[in-house]
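Note that subunit A is present in both complexes that follow, paired respectively with subunit B and with subunit C.
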Partner chain A sequence: MSLMMKAMKAQIKFKLNAYSEGMIYLIVFQIIGVVLFSFSGSGQMGRGAGNFKLEISLYSPAGIFILSALWMFYVAVSLTRKETRRELLPFICLPKLSSISDIIILIGMSAFLSFTVMLSNYLLYDIIVLFTKKEFSGSMAIFDEPKVFFINLIGVFIVSMTVAAFGYLIGTLVQISKLFIIVLIALFIAYVKSKLILFIGHYFYEQNPQFLPFAIFNIAIAISCFFIAYLISSRMEVKGV
Partner chain B sequence: MTNLGIVPVLFILLIILLVVTLLQSKSYRTKLNQRPLKIFIIVYVAILAVAPIIYFILPKEEKQVLTDNGSEKLNLENKALREALFKNETASIDERFLIDEWTRTFKEKEIYLKMENPDEGEKVNIIVQTSDKANEQITGKLYRKNFIENYIYIPDKLNKPTIIWRNEKTMAVKNPTAKKLSYVTVSDKLNKGGFNNEESHSVVVVEKWDDDGPYYLLLTIPKDVKVWSDEGLRIYD
Partner chain C sequence: MSILALILPLVIILIIGTSIIGKLTKHFKLSKRPTKKIILIYIALLIVALAIYPALTSSNTLRITDEEIQQQIKINKTFEQNALVNKLTEDDAKFLVDEWIYTLKGEELYLKQVSPDEYIEKQVIVHWTDAKNQQIEGKVYSTRSILYNMDLTEEIEPTLINWTDHHTLTFQKPENRIEGNIFTDEIVFFPFNKDYISLNANEEVEAQGSTYVVLKVPKHINVQDENGLRMYPPVE
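On to the complex of A and B.
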């Protein structure tokens, strides 16, 4: 193993220990999600008239995932903060590898997030079975459709990685200048309802997206964001030296 | 109209803000020790790993969603029931469709059929047959067709219509009151439709006859009794 790899491994191990406290936030967010969504579910559908009204409550990982994605974004942004870097600087022998180890940690955290999101959903299902007398219909759980579980697990992983990449890039840009906050907010307001964003949202995320284009699109965005963030942070470190 | 859809989102954001603030203030004062932290994470992951197994083991009331074929089969049975009723071939009707049966002595020469609440509840279709027998009896048979909603077969959870005799000549039918049924659907799908989702159900074309409502009341009256109704009568050959 080269010296570089050894240094990288040591950095990752050290940073994982340093950031492991952040996992508590994720767990707290997920528990909040389980409690909140156990009352109402992720969605509801009603139909029927006259003699009969049918109400179907849908429970899915979507709600817990949104809460967990917020955590992922927060962690990614906080990794780029000057305070965090300064705290870790005395322990890091190769500062240039810091961004790469951050990216690896974010990918690892995304994997952890994906497993916990998909499984915490079952904690929610257990609560419904144990504490409510609701009747189930048309359920699609892991034992009925394992393929659905695994494809969505990968989907959650890919999206959380993209969220992490976005957060990391935004955090890095804001470290260059605080003005980027205003620029990013302006860009968000200007483009959130643009035809391009609506098309991307509809094609890649809304109903029945094809998995392969969805995966390629998100991975491409994640790689681009991580790469740009890496280039920027490397230049920042050179300037610092 | 006020849009209150934003309230739950604001509520969730408020809780998140409170939790983050609380955790941050705590973490400044007391740094969590690495060992309890790791134990906490391991315990949480272990609970999560067991959760699907618990869900699988726990007994729960579950209603199967019908397939296209299953739904079509039940619809065809409904069609056959209707045809049998209108063609007076009640002998061929499956017994499970019959939910109530009564007989009443009737000595009058005319009968008035009245709907108590025609604009409420689910429609009850009244079919009148004449009996060749020279007895003084009216027979009523209440049939319920296969009731399918959203690909869920609901066999016995609907309220039944009520039949009230206002006087010797007037029979009133009260449509059943509304009943609310709630089901829970759990899914590992992240979005509404799921990835690469091929529609599991084709679009079901509802035929004209299927507007009938779930109930048929078949009245068999003596031949010489005249039938009147405020709602009007449809005569079938």
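On to the complex of A and C.
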């Protein structure tokens, strides 16, 4: 058992080193997001009330998070590529542990992503305040509402983990056969067209707009995707070049 | 628009984005040492950004706390109740924005909207006096408006009120277009966060101020309210 743990540790360390370049692209994405959303915020809303019309620019980490989730999805898919596995194969003593170490790395990357996404919003704020004359209602910042910050930090972590799990499962399935791309697109369209999406939306946004059900749902999906991907990939034979 | 039409662009962006990142990562190769340095510099930059946030906020923010809002909601309600029963206190005088005395011609006072199709809140409170003259005493009050933790009172102009043809008091909605900036840690599409997207009115967290025109009218004058602008005290 301890030998397995040692091997696992070594794999994680090695892979983290190998994939650390990917982090740079996350940083690039987040900086692009900061520049992009500094002009008009990540959302704009309007509302009429009594004697006035109110137009609000919202500066939230949502936009930066979407860009970062895109990166997460790409990283998860790329970990399953045959080329990536072949490159790492000579350095991996226990290929069966490879998926588990991949999953641990993806969870670690999700943690890094969530931390940087939440903080990059403050970088955005500082840039706007220093270089423009905009005035803010800092309604929900960490110093006023630490609970809001931490609950959203955990939310970002869980959702990015789900995105990673999806990416990892999709990547693994596509490695078995390219036909899965068509199957997955068909499944996706069927899901969007079905009433299930409306039911899920209604449940989380109308009936239960709470953190816990949303978190449990996402964690359950992430675990399922990772587990299925692990089962598939542990049976896949990785051929060296 | 169907959900498919809404989600398909996202999927297309996802596919295009993924392929762009893929191409980028093939072209740029960084050695490990600068990679670690860049990551560390970025983390340090983010921590510094967080650290200087309070200093920048103190000079920049218009934030009103939730407790202050709750207090203001109560003050606004109390003002309205006092105004309706003609018991305004000295404290209520802080909401006064204009006052005048007008000598009416004839015995009819008309209250009219300039644009009847426009929605204007009920805002005229009439109190009767025993005076035998034609003098109408008017006081215009505007209570504080706090929405999304922003004090918008200074930016909201009260209703435009004018006398025309010696016996008509006209009301016009001002062109109030207010822009605000909200900074938040909330990811707007997470269901457990505030519903910023629909921007629904929420009386529990908003102090919506109003304009009140309190008129003191001699009893012999007949008030004609064609557009339903008058407010009446609650019936006991």
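Structural remarks
Please note the rule applied: the second predicted complex is superposed on the first by the 217 of 241 C-alpha atoms of A that agree within 3 Å, B and C clash if a C-alpha of one lies under 4 Å from a C-alpha of the other, contacts with A are read in each partner's own complex, and residues count from 1 in each chain.
Keep in mind that, in the parts below, contacts are C-beta pairs under 8 Å (C-beta built on N, C-alpha and C of every residue); 3 or more make two chains touch, one makes a residue touch a chain.
These numbers come from a predicted model, not from an experiment.
Overlap between subunit B and subunit C is detected when the two structures are superposed via subunit A. Judged by the touch definition given at the top, the superposed model places A:R47 against both subunit B and subunit C. In the superposition on chain A, A:I32 makes contact with subunit B only, not with subunit C. Touch criterion met: A:V77 reaches subunit C, while subunit B stays clear of it. Of the two partner chains, subunit C is the only one that A:F188 touches; subunit B does not reach it.
In the superposed model, A:I24 lies in contact with both subunit B and subunit C.
Of the two partner chains, both subunit B and subunit C are touched by A:N152.
Subunit A residues in contact with subunit B (one complex) as well as with subunit C (other complex) are 17, 20-21, 23-25, 27, 41, 43, 45, 47, 50-62, 65, 70, 74, 116, 118-123, 125-126, 129-130, 134-143, 145, 148-149, 151-152, 155-156, 159, 205, 208-211, 214. The touching residues of subunit A, when paired with subunit B in their complex, are 17, 20-21, 23-25, 27-29, 32, 36, 40-41, 43, 45, 47-48, 50-62, 65, 67, 70, 74, 115-116, 118-123, 125-126, 128-130, 132-143, 145, 148-149, 151-152, 155-156, 159, 205-211, 214.
Within the complex formed with subunit A, the residues of subunit C that make contact are 3-4, 7, 11, 13-14, 17-18, 21-22, 24-25, 29-30, 32, 35-36, 38-39, 42-43, 45-47, 49-50, 52-54, 56-57, 60-65, 120-121, 145, 147-150, 152, 155-159, 173-174, 176-194, 196-197, 199, 201, 208-211. Listed in rising order, the residues of subunit A touching subunit C in the complex are 17, 20-25, 27, 41-43, 45-47, 49-62, 65, 70-71, 73-74, 77-78, 116, 118-123, 125-126, 129-130, 134-145, 148-149, 151-152, 155-156, 159, 188-189, 192-193, 197-198, 204-205, 208-211, 214.
Listed in rising order, the residues of subunit B touching subunit A in the complex are 8, 12, 15-16, 19-20, 23, 27, 31-32, 34, 37-38, 40-41, 44-45, 47-49, 51-52, 54-56, 58, 60-65, 120-123, 147, 149-152, 154, 158-159, 175-197, 213-214.
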